[in-house]
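In the two complexes below, subunit A is the common chain; its partner is subunit B in one and subunit C in the other.
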Partner chain A sequence: MSVLPPDLDAAGFAAFLDDLRAVVGPDWVWSSDEDMHAYRDSFSPVWNTEEERHASAAVAPADVEQVSAVVRVARKHRVPLFPISTGKNFGYGGPSPNVNGSVVIDLKRMNRVLEVNEARAFALVEPGVSYFDLYRAIEERGLKLMLDCPDPGWGSPVGNSLERGVGYTMPHFRDHFGAHCGMEVVLPDGEVMRTGMGAMPGAQTWQEYPYGFGPDPSGLFAQGNFGIVTKMGFRLLPLPEYYRTCLITVPKRRDFVKLVEHVNYLNDSGLIGEVEYGSPLRAKMADPQVMALITKAGGVSDAELDAAAEAAGLPCWQVELQFLGPERATYENWTFARDRILGDIPGAQAIEGEHFALPASEHQLDTPQQPWPSAIKRRRSLGVPSLGEWKIVRDDGHIGFFPVLPRDGEAVFEMQRVLGDAMKAFPTLPPFFNALTTPLLWHTHTFQMVFAPSIKHDDPEHNAISHAAMKRCVEVAAEHGWGDYRASPIYQDAVADTYSFNNHALRRFHEQLKDAIDPDGIVAPGRGGIWPRRFRA
Partner chain B sequence: MRSVVVAAAVAALAFGVAQAQDGMRTGPTAPDLAEGKAVFAKWCAPCHAPNPGLAGTFALQHKYDGKVPAALENRTDLQPALVAYFVRNGVAWMPPFRPTEISDAQLAALNAYLTAPLDQRGAPAELLAEEMVQLRSEGQ
Partner chain C sequence: MIRRDMLKWGALVPALAGVPGMARAQAGEGLDVLLLDTRFGEGPLDDMGAARVLTFAGDVTKVWYEHLDRAWRQPGFVVGGITGADALFVLETLARQQGRKVVARKALEVAPLAGDIAPVSWVIAPAHPSVLA
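Entry: the complex of A and B
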């Protein structure tokens, strides 16, 4: 399985590894097959095929000076580096690179929480700091702050936000890149740069004002390949006094359109946290008639779904709302939401759910007592990192496509129908898009839906189906203006291709930048679909 | 026939042990096992703690159907080489661990902990959230 970096022979590779060892010490460079196994993507749909991307070596610097020195060594030998922070990007490529033979620069050792400021509600961390680590740093000091974390707690604020990952609390914190403030980056020539107020010597506001003066390049480092981030600031929530939940149901299919408008209003006004849309009718999916109806080619009509709901004695839709804030404010916000929605949608109903003061007790974290079957994941909703959600993984892993669509009920119906019909070409996969599929309100202001076919290490045929379905789904979605928000290296070119306005002006701009600062592709060539001149030729 | 009987007896024995141990063990951990236990708490407990809802415990309950304890910390049949193999190579939906996450020395300590006599292991490792919630309530 051994691979070499592009354009390098075995002797050149050995000389390069020696230079790396001189920088980080002999214990922090790996290149044997045995050691490199853990740098493969164990959720890969192209596992053990020609298409799988393999790193040739890994190097683990201890600090920013070593990161710079590693970059200079790589530049001298023209070897592409692939930076990872915690390397847990499963579903999107794991720790594996875009280009075969790249050297993973594994920043896990740089694991210091540099600052947590309670009064001004921010943190400054190194790339190897996981959500678990940051949570511990806050809790051990008893600080009245709350994290916003993704499902898996072993990922990092830096790695997750550079993938534009998401969490589950208040609107402006769920978008992890949006909630960052200030970064330090090692550029492809080894130079260290700071963005925003970090560029001003003596400024005390690096984690408070993200822009500084002039253009703000920080966006280039998310899903991009313009540098290696070595420090990053994040805004944190002041620990809310209280947590409250409720359930709202609406009877008819088309009520979903109004429901979404109300929830948008509540979200955009900062009155609610993350929401869980769902359909009580999903409880009937084991009934073949219901299954046939919701997966019908061409989609369902209002009358058909309403009839099925009536026969089952269930409402068509529900939404679970979560409120965070002072106790009285959460009470007022909940009654406001209830009155607003029930006053507008005939037959809508509301149930008050669990509510309690924060921080939650162990019992409240472990044993939610909702008076309805709830889809809320208690820990992540309260910013408590865990690996509790790993149990949703099926087979040996999965790959993720989360198309972005308008926050509009009609758009939801359209995506259900269009992608539902398109994915009928892959009948062995579960019907991810069906007439009961509901959207996610994870990013602050947009909807996404889930397509996540599984992979199996010993079943290449199954993987080939998942792989083909992914590519097809990206294509069909793009024909309707729905784009992927994030993709594994093997799909990044295809996804970038769909963002093609004005003859790929955006990609051409990125290529110009890449050619100017990194023509040899030292930092993650191909990431984000951006290739420098050397690899385009 | 005989082997079936033996297998059943072994299974019954293992099951009895599992019943006695799952979540029940208390007491201190032998000092020389503390490092291995800390590695377990950080990297393994989030999926393998004795909570049936966690991915690892759930999967192993399913895999062995109670013939061995579902929680790894309660197993008495694990061999160091096998644990090391799983940690570095992963298994099914458990991804492998890199040397920057668990060093070879830490892996050796982890192996020592998971293969030590049960009475030296002490109470099972806590999940981080449990530890922190307790810490907060003590601080108040």
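Entry: the complex of A and C
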């Protein structure tokens, strides 16, 4: 499926590729169908349809000088580039671009861990460094630092954080963009810029003070298209001494509201790590009566769910808490959490779970011994990269819609009902939003819920349903003030469109900036729903 | 050179898939590592002629992190496997990043696991000039 860059004919494309080869060497430019297969989004719901976005070529520079030179070549030929770090953005577009015919600038060769500083708890890495690479660098040097990784560890701190990806340890580290500190960027004219203290020659604090002086533009490079990031610093968590877990259950549906308030308090006070909300009643979902109840149009009442819980002899909700820190502190934090919640919610119960000193042994990582069926994934909770999570991928992959909602139990009930009702139009999909769907506390201070319908390469009808459901979810959610946090290129315009306050003032501002620094759309035109003049016309 | 290797390993795949008798005993010849996904049965863990056999149960993390990632940083190194298609997807994606590709694959006629995970036999060999032996 060969495509050409916009406004370029075959001869122009060949000349462009020759110029690229002159920069990076002939072995590091690809354009054959076979090679470009790797740059398709294998999780695409529009796989093999007209809507699928294809890159025309890929180029892999070795260093920042080559990145600049590639950008200058692209500028000369007016070819859009699409930067990727490790290109594992599955569920959100994989390595595929917004604009057909874009050239992927694949930064996998820039894979040096430039610095890991134990005493000051930071790392500085290039884009091709994966979480595994950084973990290995820490492990091999025996440094007492903890990573915060996404579920699959093969992505990169740079690519993941530029997508505002998330992890599973302490609140301020789970928000990966929030935990970055300082970046180096190649701008759309090929110029190299550093943010924060990196802008001051001789400063030793690039990874310690993110702002420097004056406006900090680093936010523009996350989910944006204002430059190609070639280095990025990250704050790391000093390896905690101890890990401790517990389970708290509450009996009634409405107890969830108070439970959330307590967990918010614990989270915001820095006393707990990532939490896993759940409902013990999910164990009964195979029972048709329970299923009918939790997917009932208009939602369930408190009385109905309470009756179902009572009949099953189960509490309505549970939360698994995780504590990281000095052993005594984790103990005090756990008893504090227990006393606070049990003292306020009648019928609440607490069970003490596993606890041990860190670093965990392989046995502790691989064989959790919780006295309850646990949703905690041990490796990710302890910042140990893994690929085991791949087992949740079914069919040929999935697409993801993770609406942001208030950290409030009532808001959770409302989203369960509203999106549950809206998704009844797609009865072949699993009921992602039902009366037992619980929120995720991934980002530091907000809830999200999961909608992730699968895709199948050989079933276009199924994919069309997932695709239509996805678009509908975005619309209905926005009507209630719930926005998607991250989207694949085929949905980015629709999602950006929902952030429309004051006649799309935010988008107009982004467009003004884009027109000023990249009117031809050399860097990822369309990413984040931001189109330069050339493509708006 | 690359083409010759591809033909060689391509021919191996049906043998990896075939299992019985002599064919099985020699199936892994020339492989630096043979990976077996024990979700499809423990089986007799002979080496089928491969230099080394590594096993895992669906999750490739350890074999990749402890063995393949290091080996794939050097030129050469041919890996064969009989694994779930899901594990192959992960390995293939990792291999590409390190200049390698699946040069042959064959779906095996064995009942899929729950979740429709089908077994497949395959060979991953160096492809990019930077990692050719």
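Throughout what follows, the second predicted complex is superposed on the first by the 537 of 537 C-alpha atoms of A that agree within 3 Å, B and C clash if a C-alpha of one lies under 4 Å from a C-alpha of the other, contacts with A are read in each partner's own complex, and residues count from 1 in each chain.
Here is the rule we go by: a residue touches a chain if its C-beta (ideal position, glycine included) is under 8 Å from a C-beta of that chain, and two chains touch if they have at least 3 such contacts.
This one's a predicted model, so the numbers in the text were calculated from it and none came from an experiment.
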- Task: In the superposition on subunit A, see if there is space for subunit B and subunit C together, and answer fit or clash.
- Result: clash
- Message: Per the contact definition in the header, classify A:Val3: touching subunit B only (first), subunit C only (second), both, or neither.
- Response: neither
- First, second, both or neither for A:Ser386, with subunit B first and subunit C second: both
- Item | First, second, both or neither for A:Pro95, with subunit B first and subunit C second | first
- Which of subunit B and subunit C A:Leu365 touches, first, second, both or neither: first
- Message: Once the two complexes are aligned on chain A, which partner has more residues of subunit A within touching range, subunit B or subunit C?
- Response: B
- Message: On the A-aligned overlay, A:Ala307 touches which partner chain: subunit B = first, subunit C = second, or both, or neither?
- Response: neither
- Query: Of the two partner chains, subunit B (first) and subunit C (second), which one does A:Val476 touch, if any: first, second, both, or neither?
  - Reply: neither
- Task: Answer with first, second, both or neither: which of subunit B and subunit C does A:Glu139 touch in the superposed model?
- Result: first
- Message: Going by the contact rule set out at the top, does A:Ala58 touch subunit B (first), subunit C (second), both, or neither?
- Response: first
- Find the residues of subunit A that appear in the contact set with subunit B and again in the contact set with subunit C. 38, 42, 87-88, 108, 132, 136, 153-154, 385-388, 390-391, 393-395
- Item | subunit A residues within the subunit B interface of the complex | 30, 34-35, 37-40, 42-43, 58, 60, 87-88, 90, 94-95, 106, 108-109, 128, 132, 135-136, 139-140, 142, 153-154, 359-362, 365-366, 379, 384-388, 390-391, 393-397, 457
- Message: Applying the document's contact rule, which stretches of subunit A touch subunit C when the two form their complex?
- Response: 27, 38, 42, 86-88, 108, 132, 136, 153-154, 385-388, 390-391, 393-395
- Note on the structure: Note: in the complex, subunit C contacts subunit A through residues 58-61, 64-65, 69, 86-87, 89-90, 93-94, 96-97, 115-116, 128-130
- Task: Within their complex, state which residues of subunit B touch subunit A.
- Result: 42, 46-47, 51, 53-55, 58, 88-90, 92-93, 95-101, 127-130, 132-137, 139
